[in-house]
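For reference, the structure is listed below as structure tokens.
Labels for the chains are A, B, C and D, by order of writing; each one numbers its residues from 1.
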Amino acid sequence: MRLVIPLSITLITGLIMILNYFVPHEPFRFLGDNLQEWYMIVASAAIFLGTINLVQVHVRKIRLKLTNWRYSPVTLVGLVIMLVTGLIYGVVEGAPFDFLFQSMVVPMGATMFSLLAFFVASAAFRAFRASNWRATLLLTSAFLVMLGQVPIGSMLWDKIPLAKVWLMAIPNTAGQRAVMIGAAMGVVATSLRMIFGIERSYLGGSD
Amino acid sequence: MGRATLPLVILLMACAAAAQPPGTGGREDAAVRLSRVGQLVAEDVPNDAGGVIALGWVLDGEGALPDSLRVVRRTADGNETVLAMLSGGSTSFDDTTASDGTEYSYVIVSLGTGADPVFSGEVTASSSAQWLHSGRIGMLVILAILSFFIFWFIETSRRGRQFYIREIAGLASVEDAVGRATEMGKPVLYIPGIMDMDDIQTIASMVILGRVALKTAEYGSPLLVPTCRSVVMSVAQEVVRESYMQAGRPDTFRREDIQYLTDDQFGYAAGVDGIMVREKPAAIFLLGTFYAESLILAETGRGIGAIQIAGTAMPSQIPFFVAACDYTLIGEELYAASAYLSKEPKLLGSLKGQDAAKLFFIVLIVIGVLAATVGGFWAPMRGVADFLRSLVAVS
Amino acid sequence: MTWEIAGIWAGALLTLCLYSFLYRDNPFYKFAEHLFVGMSAGYWVIYTVENVLKPNWWQMMFPADGSFHWVWIVPGIFALFMLARIVPKVSGLSRMALAMIVGTGSGLAMVSSFQTDALAQVEGTIVSLSAGSAFTIFSNLVLVVGVVTGLVYFFFSKAHTGVTGGAANVGITILMVAFGASFGYTVMARISLLIGQAQFLLFDWLPTIPRLLGMHG
Amino acid sequence: MARLMQRIGNLDRRVIFVLIALSVFLPLSFRIVFPNPVGAEPSRQLYDYVEALPAGSTVLLSFDYDPSTMPELQPMAYAVCQHLFRRDIRIVAMALWPQGASLGQEVLSEVADSLGGEQYVDWCNLGYKTGGGVMIVRLGSSIQAVFPADKDNRPWAEIPMLRDISSLTDFALVISLSAGDPGVPAWVMMAGDRFGVPIGGGCTAVSAPQFYPYLGTGQMVGMMGGLKGAADYESLVREGTEGAPQGQAIEGMAPQSVAHLVIMLLIVVGNISYFAQKRKGGAR
């Protein structure tokens, strides 16, 4: 069975990380600390796979003239420019690579991030409908907290900011804690299934 | 004084100083009197791999602040080494060159220009490595109990015991979401989150992708999987290809539909939004680890009228999925999805184990709260509450 | 036309292209999106090489003093296994690297999430219901009931009927109040993102227009 | 009427987007400022504590954030520095985050120039040191041991204002402007609980809820939460002294208030149209 080797690697590395946490004594400290460094190196080295795939997808799009193929060169040119300037000028501040990043990539990221201001409004408009009593509770607590965030809220009634603080401190903490404890149980079970090879679909099947 | 005699003199002075109880001042009548290092403590650093002894002390306020402090270490056979020269104000030092099991004695010498060196008292210690981290024993016990529950129920499920699993709305609608996409001749879009294969939610998402791929293989609708990480891309290609083979439709598997976009969080969001508005998928799955980009994707998906099934264990993003998606798997429901969709006995068994673990914590909390409440009036119960808290406390 | 102004203009124009997506998909958005994907992918390759692969691996294997630490070959081999996916013939090797990533990730996740997300939260929930003012007692009661019933909601192997059904109902209700509160709370943070971009367009970009016209006008 | 309600019910998203854009761009371009009444908020507790500090005492101001959280934390830094200089309280600055040192230098030099504060006499910047909580513990015994020289390598002995400062307990108050970890939790645990130094703080809106418990137990004497907290402190400083410049946070509050109002109105309108349609015998 060809999967024996990968599954045993998962078992060994998983156990090393667990033992590293509970046993400070030598072999496990060295193994655990190094393993954390090593797996980050392996995961980072994989980035070239993605870049090659990105190039393949867009070259294929141009070759077969699929829909919107005219935009594919833009991605390829953007990729090449950043790779070339990065390799030639390095990442030092003020160098072309850093200039391109600061003046183009950062603003585009900030703009996509700021789209959330629009989407929060449209999501609130559509989702907060008092269709049943539970949705009404969701709507009221959101409404109260929003009101408590802005000066108008405290002008209407000075207890509103306190209501906001209470809603965030008690029900919100309780809800978040229930989700976190439940999710942690899910993590423990999923980790055990992964480490002991009960769940192996991620390795794919026969080759 | 010759070079050779210098250590001898220090040795004599060390004995002289050691003989004298600290703090009685003494015969140093030099112009400036340096403050002496007092309450010197040396102990093995707990819960470590050995080889480290921690020194701590306080400068008694009588003399002037020394310019520097010399840390001197002596072994049983008398050879002496100067470990470090510290600045006058420091009050602690870790000797990381100790070898386990050997007895060392330490002296700290206060030094100042134009003043006699002032010696601290002598303390001895030896370093050792611990096999079990003392602060984490409580956690180890609880984790062992819960893991036992999980393995126990997996075992009983293997011996044929059938387990019930409650209805999870989001997962019950996977079938008809893919069916709807096929009727409309539109693709299915699967978004596995933005983290890498070391993230447990992404691992769970890959397992669910395998089940969803089985459905799209049967129904024959295209399956698009844009990924934010290279390793996730290769795993997704592997998992989907395997599902198409199991469904007996290896010919319809299209590797180019499972593509890498970029590692950048918002570059990925921009790219996926573009795919949504152009490919117009009829069903969208958002399962895995999401951060702020969750609502950018979910709100765009709703804009094109697709059925959206989302799931994440990120507490901060669940409210946005609840607001924008048709179905949302909350926290643990994401991890239960693979068991729910496959109905595999060993996976249902592990779910039963998870429930037992939750029950364990509920009981622990209820007893703890009762003890703490009653503890207000009846002291021993507060001890019980403190004990339970210490059980779950981890250092 | 200094480099600095060129940079501001590039950022501002791309910002407007991306905002055009709010109206509907259009060539400007397609251009900015494709450029963003390409440039950010390129950025992260260089970032990963410069900040992870070089310092954490290459310089560890060949430190400045010219010596060679053989132990760092092991992660190098696993990285090659991962990259072996490109060659179909040997792509099976990538499963070893994958197994290492998943194994380490699972082991790490299990202990850290169990400590911070489970035990620390349980410890925080063991509170007294007799100390403090009536308001604190009420708050603590809501907290404890919320956590316990929330956990009951997450029961899978028992139908939500009868007592568990009732408890699960209370649980999901408190969860909904929690989600509403946290949604409302983050609105301010999202709006301040838009304020930041608006300030960039209004106060950094617009003033450059008269200066440019001034030069040419 | 029902048709109007129906059309409002599924209002085109783009109308909402235009409303949000206007509610942010208009107040900014016309620099509109709303009155910002400050209730018994934690930001007022911090203001009152600083107001009660004796003149001539020294405060440790730790810049534990980076450029990504500047919109919320930099206005706090300006407001706090203005208040401390006006009360002629001396400031020792430091940072638990690498970029915090330069951000602090920018704020301190600008505010000191406008209010006549002199470096090394009224304020100094010790710069960034790694170590988070562990480093704070060492500050408890001797600051000089951790910072032998300041950010510009000027030795400790050559800074006049530091002559009577040797450890954390010599500060009347520690204020940490914190974007996450290490930040306020480290200061409360290591400086507050261990050495009994009073701790004040400023943090992003997202991390404010987790610090409220410290206010309840008195482990913190006050706190500014998010842009609102910064605006509160700014308006309190302006109330206390005329002529103080209009802060960035207050300018940011106007679009925030308008945008929040618009969203709340949308929710109300959405529900009105929903109920109107429901009474009409279910959605057609």
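As a convention for this text, a residue touches a chain if its C-beta (ideal position, glycine included) is under 8 Å from a C-beta of that chain, and two chains touch if they have at least 3 such contacts.
Small disclaimer: the values here were computed from a predicted structure and weren't measured.
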### Task
Select, from all pairs of chains, the pair with the highest number of C-beta pairs in contact.
A-C
### Query
Counting only C-alpha atoms to place each centre, which chain is farthest from chain B?
D
### Message
What's the distance between the Cα centroids of chain C and chain D, rounded to whole Å?
### Response
24
### Task
With chain centres taken as the means of their Cα atoms, state the distance from chain A to chain C in Å.
4
### Message
Suppose each chain is reduced to the average of its Cα coordinates; what separation in Å results between chain B and chain C?
### Response
16
#### Entry: Two or more partner chains touched - positions in chain C
18, 21-22, 30, 32, 34, 36-41, 43-44, 48, 82, 85, 98, 101-102, 104-106, 108-109, 111, 113-114, 118, 122, 125, 144, 147, 151, 154, 175-176, 179-180, 182-183, 185-188, 191, 194, 196
### Query
Hey, what residues on chain B touch two or more of the other chains?
143, 196-198, 200, 203, 231, 234-235, 261-264, 266-267, 270, 278, 315, 318, 320, 322-323, 330-332, 336, 351, 354, 358, 361
### Task
Could you list the positions in chain A whose residues touch two or more of the other chains?
21-22, 39, 43, 46-51, 54, 68, 105, 108-109, 112-113, 115-118, 120, 122, 124, 126, 128, 138-139, 142-143, 146, 149-150, 168-169, 172-173, 175-176, 179-183, 185, 187-188, 190-192, 194, 202-204
### Query
Across the complex, what residues on chain A touch chain D?
117-118, 120-122, 124-126, 128-131, 139, 142-143, 146-147, 149-152, 154-155, 158, 161, 165, 168-169, 172-173
#### Entry: For the chain C and chain A complex, residues of the former touching the latter
3, 6-8, 10-12, 14-15, 18-19, 21-22, 30-32, 34-48, 50, 52-53, 56-57, 60, 71, 74-76, 78-79, 82-83, 85-86, 91-92, 95-111, 113-114, 117-118, 121-122, 124-125, 139, 142-147, 149-151, 153-154, 171-188, 190-191, 193-194, 196-197, 200
### Query
Hey, which residues of chain C end up touching chain B in the complex?
18, 21, 24-25, 29-30, 32-34, 36-41, 43-44, 48, 82, 85, 94, 98, 101-102, 104-106, 108-109, 111, 113-115, 118-120, 122-123, 125-131, 144, 147-148, 151-152, 154-160, 175-176, 179-180, 182-183, 186
### Query
Which positions of chain B touch chain C when the two form their complex?
139, 142-143, 163-166, 168, 196-200, 203, 231, 234-235, 261-264, 266-268, 270-271, 273-274, 277-278, 315-316, 318-320, 322-323, 330-333, 336, 339-340, 348, 351-352, 354-355, 358, 361-362, 364-366, 368-369, 372-377, 385, 388-389, 392-394
### Task
Report the residues of chain A in contact with chain B in the complex, numbered from low to high.
21-26, 29-30, 39, 43, 46-51, 53-54, 56-57, 60, 67-68, 105, 108-109, 112-113, 115-116, 119-120, 122-124, 126-128, 138, 175-176, 179-183, 185-194, 198-199, 201-205
